[in-house]
Each structure stands twice: as structure tokens, then as C-alpha cells.
Amino acid sequence: MTKKLRLDPDRLLPADPAVRGVARELYASVKDLPIVSPHGHTDPRWFATDESWTNATELLLAPDHYLYRMLYSQGVPLDALGVPGRAGRSKADPRDAWRLFASHYYLFRGTPSRVWLDHVFAEVFGIDVALDATTADLYFDRVNEALTTPAFRPRALFERFNIELLATTEGAHEDLDHHAAIRRSGWKGRVITTYRPDAVVDPEHEEFADALRRFGEITGEDVQSWEGYLRAHRKRRADFRAAGATATDHGHPNPATADLSDAEKQPLFARVVGGSWTSEDAELFRAQMLTEMAAMSVDDGMVMQIHPGSFRNHNRWLHQHYGRDKGADIPQRTDYVRALKPLLDRFGNEPKLSIILFTLDESTYARELSPLAGHYPCLKLGPAWWFHDSPEGMRRFREMTTETAGFYNTVGFNDDTRAFLSIPARHDVARRVDCSFLARLVAEHRIDETEAAELARELAYDLVRRAYRLDEPHTLAA
Amino acid sequence: MTKKLRLDPDRLLPADPAVRGVARELYASVKDLPIVSPHGHTDPRWFATDESWTNATELLLAPDHYLYRMLYSQGVPLDALGVPGRAGRSKADPRDAWRLFASHYYLFRGTPSRVWLDHVFAEVFGIDVALDATTADLYFDRVNEALTTPAFRPRALFERFNIELLATTEGAHEDLDHHAAIRRSGWKGRVITTYRPDAVVDPEHEEFADALRRFGEITGEDVQSWEGYLRAHRKRRADFRAAGATATDHGHPNPATADLSDAEKQPLFARVVGGSWTSEDAELFRAQMLTEMAAMSVDDGMVMQIHPGSFRNHNRWLHQHYGRDKGADIPQRTDYVRALKPLLDRFGNEPKLSIILFTLDESTYARELSPLAGHYPCLKLGPAWWFHDSPEGMRRFREMTTETAGFYNTVGFNDDTRAFLSIPARHDVARRVDCSFLARLVAEHRIDETEAAELARELAYDLVRRAYRLDEPHTLAA
Amino acid sequence: MTKKLRLDPDRLLPADPAVRGVARELYASVKDLPIVSPHGHTDPRWFATDESWTNATELLLAPDHYLYRMLYSQGVPLDALGVPGRAGRSKADPRDAWRLFASHYYLFRGTPSRVWLDHVFAEVFGIDVALDATTADLYFDRVNEALTTPAFRPRALFERFNIELLATTEGAHEDLDHHAAIRRSGWKGRVITTYRPDAVVDPEHEEFADALRRFGEITGEDVQSWEGYLRAHRKRRADFRAAGATATDHGHPNPATADLSDAEKQPLFARVVGGSWTSEDAELFRAQMLTEMAAMSVDDGMVMQIHPGSFRNHNRWLHQHYGRDKGADIPQRTDYVRALKPLLDRFGNEPKLSIILFTLDESTYARELSPLAGHYPCLKLGPAWWFHDSPEGMRRFREMTTETAGFYNTVGFNDDTRAFLSIPARHDVARRVDCSFLARLVAEHRIDETEAAELARELAYDLVRRAYRLDEPHTLAA
């Protein structure tokens, strides 16, 4: 017998009736606020071309490493799920891949993917039966049919989702043509970019040499010289700001920073571009570049986001056969206190600088990050990230950061996703979990209901707009 | 006035009435499932000889480092508790030792030892008054009297406890005579062994030289040569499989692995057996041996258990006077991400390999272990272990692992105990805590009641049978 | 419209009605017990001179780095808040500073500072409107007016607060004149000192050379010689005991200990006093001095408190312009297992020694500290400290320590504050949170109500008196 799919209106709210009552009211006051998505990885091409997506597997499964990671851990081959490898597209039939996914959907019990997907199925597609082997075909057909209709094209969904702003992420060496096309099209949706220079900043990045070459071409600068390289960054940051960017993003193995003298920087850079660098050089160069980026942010006002702590592409065989970003990135212990000191010694008290710190190491929430953000004017805490972007992860984030950093040194929610259809689901989870936390504080008489209502709105909407400087003048260039 | 001892039927279930109601139903559905105990340290001699135990102190107190550790921390000498030292048996009278324990029983308030012991006293021995100084003699007499009866002999209790399978642990250099005797006896109880090669794998183990000598004798191999040493492992693994073993167990200071070339292995092994090794050699040898064990597991299908992170015998004086395993093992920070990579680079995607990871460092649950187990097909997560085998510890385990690893990359419960009488109590605690966690997910509408019921059974019974391959053909040899 | 300020009688108690009911009863049984404050940083001059405080800003805001830290993190300059810098007193008008604070009071929502301050405002000053920009002047006037009255002088408040004992902290090189004056005055309030030798033990302390000189002067010993230096410690420890001290306190960057031979100590000490030490020397000297202090404690019975893990004065610019202790101390990862071993190898089983361990790294609670304190007779766990002295922090402390260390290896509460008026608030929070934790154990049938009531009293009153040896003979000298 087919099981019903039904999203309970009280889902994720605390079980205790009195606390739930408070949470329900708080949630009701924020659930319809517009979505502000200041950090994510959707494809700007979708909004530039507004073409229909093809089918459920190619839209929902094959690009989503949150999903196939779990199936792979239980022995399901990636190729069978439609995931492309280095050798090319998967040979799997999309319907077969979907059936395989559906028959393993029970693996996601208790995970945020399950919450997000059920929301997508029920709210976006209007499906009212649960996904399993018996309903796989029904799902596949219903989704594919919907995707052919105008209501399911990217811009229509963007509007239906009530997205006020969506930031994508582009490399420093990449063109911004899709963003230009969006602006030229006259469509009112606000899709902005984010400056992500990792590929030209990290000598150990597999695309470093190629990215650096393109970085030189796109800027017309001699990026083999230190001064030319810095000029290229400044030019491109200006290009990105013209495409709406208000922020940069830095995905480093760790948050090491450095503040070298000019006499040290030049030979380091020479080794890096000369290809004769050691692993210590690579580390030091990344560290110095965070400080250089901070210096430029002091000038141009772009907010820095630092996302450290992931050991990328940990599975060697998988990396060789399937490439980057295939669900094999593993967090590692991260230390912020000494790592950030060189940058903070130079810019820590600079009023114009704003740095948003993220972590994959929850042990740093209460120990390092909250004391840092609760003191330094330039530091704020990004939301629970990646593996911790989940009901329990968000709850721990609030429990471990609020008492030292308060709410006002945090920056609202990031969905950080390439799964566009899940954006409303993800923001909905964040709003529910934050309202639940606030409701507990009310129930324990630590804040009153008026304060809780103000905070619920700050966490859902206001903080993110201020933290990412979305209304400041420099963001209006276009 | 004597206090009553009464086990509340709702103990360890959540306080909220609605959540408790769900938890109660889930628990009712699993509480009578047979006990599967795939990892522990009971003495196979008990089941081979089926002799009566002697008295409460020698059965329950003197061998249990969970208990005398706490009393020692409050200044009670071990000798007075009946704990044997290197110089021989304790000089304490068993009744005096028991009285001393009883008068300090309040120290265990809030600890799992208290929960387990009260369960043993009430359920196994039928005692209905609480243990304290005034009831010490009553307890001592009642327990001792019971132990003289046939109903309290090891096999009778095994059957009364509804144990479907019990695994003991034997060293690679030790004989399996008791297991052979159990099988010869015709008794139907399924008691299997586990292959634990630590003493012949760790040059820093105090018994290494002696254990290696016995390893050579018992296998007839030249264990001074690398090839002979590996052959000895293969022979003994086959012996252990014949005695029912489906798993190996590796208690290392940390989870370091290595994948050396043959040209590197030979001289390392020569230093190790030659006694000229450094502490780095010892570390590297243990690391390489985990990879060798994995290679053999790919061949013979034995599940690997890795138990890292304990600083053994931390108290120097105590170790000198009382020997190993006297409650002075202290967990330390453990890093898995780089440590496991050499082994995973070689075997991480191998379908036949299964490795169960344990930890004493809870900060790795969400950060390292769940992302690893939620990706690699060969990795699964062992349950909350040792100091974390407790109501709060198990709750944190589920809260920090489920969202990334799901339930299906975990392996059910291990009691890991030498305290045979506490086995039902320990499994009961695990079932109650898991059902409580599931009930919260139901109350928060994250899973439905049907799913919760399926998961409750998986966590109590099914997962452990699959994870330890208890029904696969190679386990039936005998 | 002005908002009411009202402390709910059930604040901080669990929301669930049944659990709250138990918590309420437990709390009622301990809320009026005398306050024992064995560790803090109030100024003994207050009680020696019994002079009135001046105004709200100078009493409550300018000295409290918990408060201005948060405002500074949001861009408020310290000078504007009345905080003195190295150049001298703040130029801000105290009323303006108070208004600035009041208008940012919303930043403290969800923090313990908010809970403490509201308690001070409502209970100590009897104010019944909430603090914000509109009530800033009302507060400033009401507080200042109260401070002019006899009821608000230090000794009167001490008595009103029902403080049974208050320990201050003085440096090994500092005089104890205020304590002598208190005793001479005939006032019955028990204010004792604590021996804190950091400034003469840490070569990296900015006052080391000066403090060492004064240490020599005050003791009349040749502190440039190792034996004279040790004699000086012994003399001063005796002086401190005569001023009521029962404990020493050691604030080190980490808990490293050492146990060097005499042949190693002498040259190390020579480098340290000669000013030719390296950073490794400084580390080793601090480490050795913890062991020397332990040796003296074995002789004189003073309880050692070790407070490790803070990176002091992290903000370079702020340290240069405002000096030490300005809210820029950041916790860092701390490892105890290897660090403490040299000291424990020498004294770990010594019955007369008692060491209270604190941490800023919560990941060590369950992993390292509870197993250590749950085994070694000389170790106990200090309460949740500094950033973790908060409702969530205390709850995590109990959840992560009780199952392994029990309650009886903990030592009650420390307020650790220089904010004298907040002492009742801080102890009240601790009592509420501990009673809430106990109530959950009762609700989950892990302890019974009688046990909970005994434990509530132990945690609020009895444990601290035993742990700090407040009734032992050596404390009665005066």
C-alpha cells in the first residue's frame, strides 16, 4: 500500500506543547518573509537562459552529492545513479537511476536531505505519496511532466519561491556572461555573483595553472608578476561588484593567514608561479592571500567569507574516476586562534572590514569562534555549514554560540546549495529551528516574547541583509 | 529506614508525556528481542566449564574497573576492594570489600554503572531494597546464595538472558580451547571468538616478545620473518573463523594506517622483531599492520573493528603495582581523516571490506566519522564506546551522527563488557535510549511511526547481524 | 512605552511541566543557602575600607570585560564606555557611557550577562523597568542614588547577599594589607585570599621582572637563586595561609607539567632569571613550577587550581592601547592527558594533594577530564568556567561529566567574578541549572527525589566547602 506524503505544519518544532505554541507563533511571523540567499552555488545560466530542466534524475539526483554520497556509502555505484565521471556521462538510463534512488530512499531517514526532498516533492511538485520503490515511476513521470511547463522554468520558480536575492559563486578567472545576460534581459530577479579566487590563490588546486592563465587573459594583466597579479585581483573584484557582488568567498583547507613583508612576498610568489613551490609555500601563499584580500576589502567594502576545514577529494580512486566534488570531502579539525592572528593583528580593528567565519569543526563554536566574534569588530559567524546545515546542527550552533557571541554577531542563514529547488525547504528548516530555539529561551524566561519576535525576524531576514551589505551603495552598480 | 529498589518501567524515556508515549511503544516492540553481543570480553571458560561463581565481590566488584575506578578516585584503596595486584590476590575479606563498596554506592549517582547494577540487583537477583551501608550484608548474602543454585550458573543465565550470540575476544597468540570445549559439549549457546592481534602487532605492548614467541609456537611458523609472520596471521585467522569468529578487533593508540612498499616493510619488521625499534617504528608498524589486516579481510571476509584513542595505563604507580586494565586508561584526541587515508587509498572502495570505527573522542562524530562513514562503502560506525556507553553518550552519538551518516551506516549496540551479568542491562539501556531518540524524531515529524518502528528493530537487532555478517556462510564452520 | 523588568520565579527551569515541578522543589530547597565563593577577583580594598562606590558606569560597566567586549564587537569604542586605557582614564562622561550601553543592551539577548544584570537591577536595586535607551537615565540616577546610602556599601551588601565566604586572588609578589585591615577591623565577614604566583612563574608575563623583584623584597629572599626562589614561595604561601588562603591558583596558557632533575632545574632557572630564556624555556619553567607547587601543596595542604587554555591579549592593537584583561582573551584547544602526566607520575596517588582542573575547551569534559578525575584521587573538576559559566555551558558540563566523573568529583560553583554585585545572580543561575539537570534525572528515573535533594545541596553548598578545605584546621590561622 502506498504511504502518504504529508508535511506536518509543526514539523521540526519542539515537542513540548507550551514551547511548541511559542515556536509556532514565531514561525508564523517569519515563514512568509522573502528569501535572501547570499551564498550558494546555483548555475547563473539557468536564470540567463530560462530553459526548462530535463528530468528528475538530471535535476535532482545526479548533481547532488548529498544524495549519491549516502547511496555510495551503502554500495550503490555512482554510474548507476546518473553521476557523470571523468570519462563522460553516465551510461545509466535516467529512469533506472531514479528507481535505484527511490528504492534506497529509506537510507535518508533522520537526515536533512530527507526533509528537504520531501518538501520539494510535496510543496514544489504537489506529490502526496511517499517516495519508495513502488512510487518511483509515478514520481519520475510527475516531475518530468511538470518540468515541461512554464511554471517550472527557472525564473518562474525563482518568483514563486519569493526569492529577493540569490548569490551565485564564480571563479576569479571565469567570465560573468550569464550575469550580464540576466541584467540585459530586463528580468527583475536579483541574481548577483560572488568573487571566489580559490583557483588562482591555491597552488595545490588542480586547475591552478590553467586558471591563472585565464586570469591573466581576462584582466589583461601580467599575472606572473606580483604587482600585476594583485592588479588583476583588483580589476576583477571591480568587475564582480559591477555584477552585483557584495562579497568574496575563500574555501581554504584551514584558516591560516600571514602578513609577510614585501621582501618575503616577491620570492614566494615567484616560486608559486614558477611551479617550484613546496607544500609549505602553498600553505603560506594561501595564508598571505587571505590578508591581501582583506586589504582589498578594506578598500572596496566587499565582505569576506572564509570557509575552511574541508579535506577535499579524500577518496583517491573516486577523484581519479569521477573528479572533484563527488561527496568525498571530509571535514578536519580546525584551529582559528593562532591561524587568524596575523590578519587580525593588521586589520582586526578596522571598521570597514567584515569577515564572516564558517567552520566544519563544531568544537570551535564555543571555544574559539564565539569569543573571537564576540570581541573583534571585523568578525561575524556564518551559519551552521554543510554537514551541520541540519536541524541538530543548527540547534547546536545556537546553543554553543549565543551565550558568548549573541545573536547579532551572526549573519542569518546561507543555503549554500546547487539544488535550486530545495532553497525554500532549506530556509524553511532554518526558520523553524531558529524559532524553536527562541521559543525555548522564552519558555525558560531568558528573553520575552517581544524580543523573540524581533529576533526571529532578524535571524530570518534582517541580519543577512546587513551582514552582506545588500543595501549599501556599492552594490547598486550594474 | 531501608530504601526500596524499584526499576521504573519508563526509566530513561523522555519526560515529555507525548514523546514518552511514542518511546514507550517503540521500546515495547523491541525489548524482548534476543540479545546479539558481537563484541565483548567475557571469559569463555565460564561457558566451557559452567562452574558456579563464588561471591558478590569476586563476581561483581573486583573484576570491574568501571566500579573500583570511581571508588579509587575518592580515596578508597584498590586492595581493600578485593582487586588483585601484581603481588597477588587482595588480602581483603570479600564481605568487607563489599561493605566498603556499598557504603560508597552513592558515588555512582548519575552514572551508567548505577543503572546497570540496579538492573542486575533487581532483575537478575530479585532484590527489592536499595544498596547502601545498611543493606550491604543482605546483598552479599543474597547474591552468594543465588550463585550456589543451578539457575545462576553461566549457561543457565545465558539462556535466561535470551542471548542469541555472544562474542568473546582472544589474542592471536592464545589458544581457543574453551571455545572448542563449548562446541564439544553439545550446549546450544552460540559463543564465538574474535581475532585480536594487538599483542603481536604492537611492539610497545608489554607482552609483545612473549606473545610473538607463542604466536610462532601455536602456528608453527617462523614469525621472525615477515612472510612467516603474515602466514601465521592467516593461519590463526582461519583457526578463529573455525571457532565462529566473523570479526577482528584492533585496539590501537590511534587510527594511523600506512601502506608501505615491500622494500620498506622488510627492514621495519626486522627492527621490530630484533628489538631495535624506535617509538616511530612501533607507530609505523602498527599502522602498516592495520592495512595488512585489511588485505586479509578482503580475502577472508572478516569484519575489522578499530578501537583507537585510549592512553593505556596512564597511572604509572598503579600500573607498576596493579598491572594493566585497572581503570587508568584515559581517552585522548583522535584524528581519523589523515590517519585512515593510506588504508582507504588502497581498499576504501573494496566491496568485500567492512571496517567498523569506534572513537573515544566525541568531537569526531559529526566532524570526521559521519562524513567518512556516509561516503566510503567500507566504513561503518560502531556504537558509543566505553566512557560514552551511557544514556547521555548514546544520545549524543545519535544526535551527532544520524544527520550525516544516517542510521544504516551504524551497527547496533556493543556491550563490550566483561561483566556478564550486566549484559541484559546494557542492551536494555541502548534500546531505551535509541527508542527515545526515535520518539523525538517522530514527535518533531521528521520520521513517521512506521519508520520509527522499523528503525527501532534495526538498531536493536537487524543491523548488528548484518554488520557482523553473523549469517554469512563462512561463519558456520565449527 | 517602557517595558517591565520582572524576574520570573521559574526562569532557567525546564519548560516541561513535570520536570519543572521537580526542579522548582529542588531549587526551593537550596536557593537560600549561604553563598560560598571560593574563587573570584573582587577587590579586597572594598571590604577593608567599606567606601561607597561612585556611579553605575564605574561600578557596573567600565570594569566588566564581559560587557564592553560585546559592545566593542559591534563597533562601540571602549573609550566611549568609560574603559580606561594605558594613557589614563576614559574621557567619556559616565552618564554618556551608560546611555551608550543602555542603547546597546539588546545585544546581550540570550547571554548570561543579560541574566546577571537583570538580576542585579531587579533584586539589588529594585528597578522594575527594562533597560534600554529610554530608561538609561532613570537607571543611572537610581543606581547612583542607591550607592550613596549605607545599605549599598560593600560590607552591607556582603551581609545582605548572605555570603559565608569570599575568596579574592592576590599575586605572590603583592601585599595582603587589605586582608589584614579586614581582620583588624573586627568585621565578621570572611574574606580570604588565594595564592596566585603567575607573575613570578611565567617569564612571558609582562610584569615578570618587576614582580620577581618585589617577590624578593617582600620575602627577603634571594630570588635569583633557585633555592631562594623556592624558599620565597614557601614563605609567601605561609603568609597567604595566615590570611585565610586554602588554595593556590595557576593561570597558564596550557596545563603542561614537568618533573625535571635538579641538574636540569638549576640552569633552566638561571636562564629564566637571567633573561636569556627562549619560549620553550618559558613553557618548561611554567610546567616545572606546577610540579613544584604540587610538592608544596603536599606539604602545606593548599588546594591547587589550574586554569589553562586562554590565549591572553589576543588583540595586539587593543593590548597596546588598553592593556591586559580587556575582553580579548580567546580560548584555545587544550590537551590534558599528556600534559599532566609528569606531575601525576610524581604525585597522582598522593592522598594529601588536591588539584581542581578547569577548562575552556569543552571537548575535554567527556574525553579527558572526567576520565582523569574519575580515576586519580588527587584530581577534581572545577565548574564550567568563564565563557562556559552560562546556562547552556553549565548544562553541557553536567551532561558531559556526570556519567564518568559522577557528582562527587566536582567542586560546586565558582563565580570567578570581579563584579561583586553579580555574585548572588551567578550563584542563583548555577543553582537553577543544577536543579534543572537533577530534575531531568529524576523525571527519567535515573535518581530518586531524595537523592536529588541531597545532590542539590551538595552542588550548592557542601562540595565547595569540602573541596576547598574551608573547615580544615590550617584555614583557621589569622
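Chains: A, B and C, in written order; residue numbering restarts at 1 for each.
Just so we're on the same page, contacts are C-beta pairs under 8 Å (C-beta built on N, C-alpha and C of every residue); 3 or more make two chains touch, one makes a residue touch a chain.
The shown structure was predicted, so the numbers you read here are calculated from the model rather than taken from an experiment.
Arrangement of the chains shown, judged by which pairs touch: all-to-all, with no pair of chains left without contact. Interface residue usage between chain A and chain B, two copies of one sequence, is largely distinct: under half of the residue numbers at the contact are used by both copies. The copies chain A and chain C differ by a rotation of 120 degrees on their C-alpha atoms, rounded to the nearest 5.
Distance from the chain A centre to the chain B centre is 40 Å, each centre being the mean of its Cα atoms.
Multi-chain contact residues of chain B (touching two or more other chains): 16, 363. Considering their complex, residues 3, 7-8, 10-17, 69-70, 72-75, 106-112, 114-115, 311, 314-318, 327-333, 360-363, 387-388, 390-393 of chain C touch chain A. Residue ranges on chain B touching chain A, taken from their complex, read 16, 18-19, 335, 337-338, 341, 344-345, 348-349, 351, 363, 366-368, 370-377, 379, 399-400, 402-409, 440-441, 443-448, 450-451, 454-455.
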